[in-house]
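Here chain A shows up in two complexes: once beside chain B, once beside chain C.
On to the complex of A and B.
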């Protein structure tokens, strides 16, 4: 046994696959120990917040020590964030349309440009050929430009709860900074939030765990059924073989995903928990394991040691377990790995069709994809809602396939180096 | 062998040639700057063009509703949801009631004529109604309790005789006057052709695809298959008469590509292949803020449109504990409505801080109908966990066995909140409702059955709702000539309890004689002050009893436009008078917007 394991780990492919897979499993196990947020908690009001560090504005004004930094580029950067080169060109276009001579406009001279703008801009003006979208853009731009060149600080005021009067509390200078580490409330959202306003990373970790569980349950069910059927049909032959072969053919002609769709639909959404879906996937995807095991058993059943065992009067179960199973065990393990990987993919497939587990109990990779699609994340360019999910699915099935190929190299005599 | 090969090649050639000359290819080449493209209205292919039937699946041509779709067929009047007024279309001048309010009279515009050039007459209006009644169409079924008859007293004058109750008073004047802006006028001559064709058989009449139909509207059917529907302008349209629009609408073609799903429609809108979109586009502002596209909505900022209907969560009043108003109130005030509006609706709804909850939609006309101060302390904006917990504690509904959930008389309060599967914004909203339960110790889980199941269960009002439907979402009426009365009736009236198939409302089984009485009385009332008092009382009853709670405001139609080709779509403050409502330039008075469109690059 030790020797076999040693051999397996000497296979580069297996090792790489194993490391990738374990990295995912460890993340799933360790992440919740440190980040104790509920994966399905709605943290953001507003959907699809982009990835980043969210710093509480109130706290950074009220509760954090303030430092003064004199940075040369600060003002320029501030202006550039509100007034891009395109904005300047658009302003020029407006000014020209309003009759300002083009030679009077220098779009690089911010002060001059803003002054001209302030004197000329009229939100109610209807310029021929200007669309409502353009008009809205100019109104937005105009409000963004308000106070852009101001050098004085901003005043913070609060309503006095007793008198109801607005009272000045603080003045924030343009050179004031806070240290993010000292703000009481910051929230890191490495992958932003999703359509429900949930933290995508936390949800993704949980979903990966659930999907792996679904994969394992489905894989074990499929492999067990396939193994038992394959052993019986291969060893016993005759009527049993015909019967199992018949069943097998039935399941083979209908694509497993199709069958899973039909069963999942007939179960109904209220009954579809994660484990139910796993069972549905398991009972629909065993046929190829069964066929392969049967073929292997047929090649084994007339070997000398099996015949000897038969002559010794051993029971069928004993022969199958001790004389046949060990010879095909390596194959079964490889089949199991593929079944698990297939189970995860099938869950994703079912969920995208809206036939996965109920939405509210637990997240799964497929459900996350499904909701991202429903809220049109791919067309709206919201990559963080779907791309990490795709990556996780891809890494899981890639690592499992690598492990499978690695094992094949070790166990398959035809491939052994 | 050689002959065979030759035959195949010849066959292929024949197929190619016929393929390229088939009409469908000709339609693909509609000139872009003469065509206005839509999305979000038509799903699947058109079944027919029959104005008597409501199963045409023909969203571009036929929708007889509060804001009737008047591109191909026309109503006597047009309703304008922005000012609550009706304006004449086929009619000439305003309609009038007689003194006893039993007869409504209006005349037909002498300029109006059909697409076959014959004049539209009062006889057409009368015959349309007679046909509805004779063949028991859905329109007849909806109006026959309120309208006794429609007669033509001369070729231009129509009199609608209202149905009277035992006391000799009109049963419902509101519904009588709504008829004139809701239902099409169909040509008598064509109707007779249709009747002859179907041999007087009602089922056949409703099933007739009416390919030969005669219409009076500015557009006529041009082409329809499973890929698109196209209407073409009738350049002989009567409305270019100075008494109506004075000109023809700008686009020569109105085209609706039949998209596979919302995502396909959105992609087309982004690409400028759709000019006016009736789809819910989540985070619509990212079209212009992030992608810099020439796309805009009626309002430049959230909520981007005008809310008209009130998607509402109903309590099943037969569920254990939900017959208790304290439990209902606790759940309703604990719900985090700002999150529903921000996340489920991506801010495309006014918040309950902006428009406090009542039975009215956010339009100014409806808001003016009740006394805001009188009910202010009953209104809630949500997220009030503290008060919710306090009123439950006070009512003795506490967690007595320490499992974290409250019990009422020893039985744990546990509910299932539900809405149809795949209705993504509703599902997200229901999730937030369930989350509120956890905050106040009431166990609420969610479940999303398929629509086919959901609708059968919810609309069956002659038996208690089954398990799994404790809190469930349904819609309410939007904006229309009978609103807010009709919406309130559908939210509160007990007349629907016991109906085998209840598509009206009050699905939770609420019953309150005081509310019923007010609902009965409002249509007869003409004094604005009395009306305001009655509406205020209804709002008070609603906010006290809480048989249901509104989760968001939703526009009548989504209205997002891409100005790559056309511009001058209606927007808030566009200076039109009367204002053109954002109803995709096809419903009610919004059709006026078609006459204002201009090309971006003429």
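On to the complex of A and C.
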């Protein structure tokens, strides 16, 4: 046993797959120890906040010491963030349409462009062929540009509780900075928020854990059924073999996904917990394991040691467990790994169809994917809602496949290079 | 040809029995759903109706229409009769359309998308796998990891990646639908062109999904065959490389055809997700709307159609296999 494990870990592919897989499992275990937020807590108002560090504005004005930094690039950056290249092109278009000669417009020269803009922009002007939406865009752009080149600071005012009059409290200069470390309220959202306003990273870690559990439960169920059926049908032959063979073919030909859809649908949304879905996946995906185990058992059942055991009067269960199972154990482990990764993918598929676990208890990778699809995240370019999920799914299934290939090399000498 | 009769007879009997089992499962499972499906549609129809007897009348009318108050066996007999008339009853979520009508408008999209895509993917995958086995170093080192990675991506992930790269970022092809949303199906060139453009992304998504698994399978089969004794013997005899390779690939091909038969169900499932991601107007999207609408007649019929489609594909492959594999011929003529 020790020798086999040693050999397995000397296989490069297995090792890489194992390390990737353990990294995911460890993250799932360790992350909640440090970050104790509830994965389904709604932390933001509004949907799909982009990833980043969120600094409380009120705190940074009221509570944090302010420092003055003299940085040359600051003003240029400020303008650039307000005035993108597309905006500049749009401004040029407007100016040309209003009759400014094109050769006088240099869209890279910000001061000149803004001056031209201030002189010619007229919110009431009607340019032929311009839609209302376009005109509204220009009006918004114009108000965003107001005071872009100003050098004075912004004034903070508060309502006096006695008189109800605004009173100046503070002036913030353009060169004022706060140290992020000194602001009391900062929230890091490394992957932003999802459509409900939940922290995607925390949700993703929890979802990965739940999906792995679903995969394990489904994989163990499928492999157990497949193993028992395969052992019985391979060893006993005859009527049992025919019966199991029939079931097996039936479940192969009717697409397993269709069966899972029908069963999951018949269970109904409210009864479908994560484990129910795992069981549904497990009982629909055993046939190929059973077929493979059967083939292995048939090649073993007439070996000398099995015949000897039979002659000594051992029971069928004893023979199967001690004389046959050890020979196919490595194969069963490989089948289990494949079943687990297949189970995770099937859960994701069912959830996309709206047949996954009910959405109120736990997140799963499939449910996150499903919500991202319902809110059209891919089309809107909200990568953080779906891409991390795809990456996690791909890494899990890739790592399991690598482990499997590595094991195959070890146990199947014909494949060794 | 006589030798084959037994083989085919067995296959046909088997086909019929499977079909019946699939049919019964398709009928029973969705109807075991808890809750009253008619209540849902009545709630939608009777919106704003304050008159309780009116709502009751609507409810009774629909119960009558869908026959949900009758015993299961009677419902089954009605269902069988309807199916033989090519009529699956009314759709609940898209009432007053009939299920047959809904399916008729989506099935051809699925057939036209999936069959060519799976076949192209299968051919490309096997060619690449064979090449990779034959050339080994270099080609193999690049191709193998790529195809392993592709075959590990779930179908919907592949579809989303294509959607984002080619649909959203590069804007080479539209991201959803089977034709332009501003068009009515007709015979003009404009419409045909729109259909072709919308076809590209779902098609290549399915092809790529299929390639990965097939290439890996073909590669290991071909490597196995290349190391077989008959190859060594043939080399020893001085048979030309080209001729040997032909034999090797012919032998490696056989398990691949069985593999195709056995995985056709899984492939069809994967292809359905590609349809859903691209909102392609095929059966995948129909299932999605049926699930969301709690529409069990539609689910029943859609899964039945898909099952029959994969059954037929399975059957055709089995027959082809019987023709190609010399061992079956030998076994039958004993």
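We adopt the following convention: the second predicted complex is superposed on the first by the 379 of 417 C-alpha atoms of A that agree within 3 Å, B and C clash if a C-alpha of one lies under 4 Å from a C-alpha of the other, contacts with A are read in each partner's own complex, and residues count from 1 in each chain.
FYI, a residue touches a chain if its C-beta (ideal position, glycine included) is under 8 Å from a C-beta of that chain, and two chains touch if they have at least 3 such contacts.
The structure displayed is predicted, hence computed values, not measured ones.
Touch criterion not met for A:237: it reaches neither chain B nor chain C. In the superposition on chain A, A:358 makes contact with chain B only, not with chain C. In the superposition on chain A, A:373 makes contact with both chain B and chain C. Of the two partner chains, chain B is the only one touched by A:132; chain C is not. When chain B and chain C are set side by side, the one touching more residues of chain A is C. Within the superposed three-chain model, A:196 lies in touch with chain B and out of touch with chain C [touch as defined at top]. Looking at the shared chain after the overlay, A:45 reaches chain B, while chain C stays out of its contact range. Judged by the touch definition given at the top, the superposed model places A:273 against neither chain B nor chain C. Of the two partner chains, chain B and chain C are each touched by A:381.
By the touch criterion stated above, A:349 is placed in contact with chain C alone, chain B being left untouched.
Shared contact residues of chain A, touching chain B in one structure and chain C in the other: 268, 270, 354, 373, 378-379, 381. Chain B meets chain A in the complex at residues 262-263, 266-267, 270, 281-283, 286, 288, 290-291, 293-296, 300, 338-339, 342-343, 346-347, 421-422, 424, 427-428, 431-432, 434-435, 445-450, 453, 468, 561, 563, 567-569, 571, 574, 600.
Put simply, chain A touches chain C in their complex at residues 246, 249-250, 252-259, 261-263, 265-268, 270-271, 288, 341, 345, 348-349, 352-355, 369, 373, 378-379, 381, 383, 386, 390, 393-394, 397-398, 401-402, 405, 414-415.
The part of chain A that touches chain B in the complex is made up of residues 42, 44-48, 129, 131-134, 136-137, 139-140, 195-197, 268-270, 354, 358-360, 371, 373-376, 378-381. In the complex of the two chains, the chain C residues touching chain A come out as 14, 17-18, 21-22, 25-26, 29-35, 148-149, 151-157, 160-161, 163-164, 167-168, 175-176, 220, 223-224, 227, 262, 264-266, 268-269, 272-273, 276-277, 287-288, 291-292, 296, 299-300, 303, 306-307, 310-311, 314.
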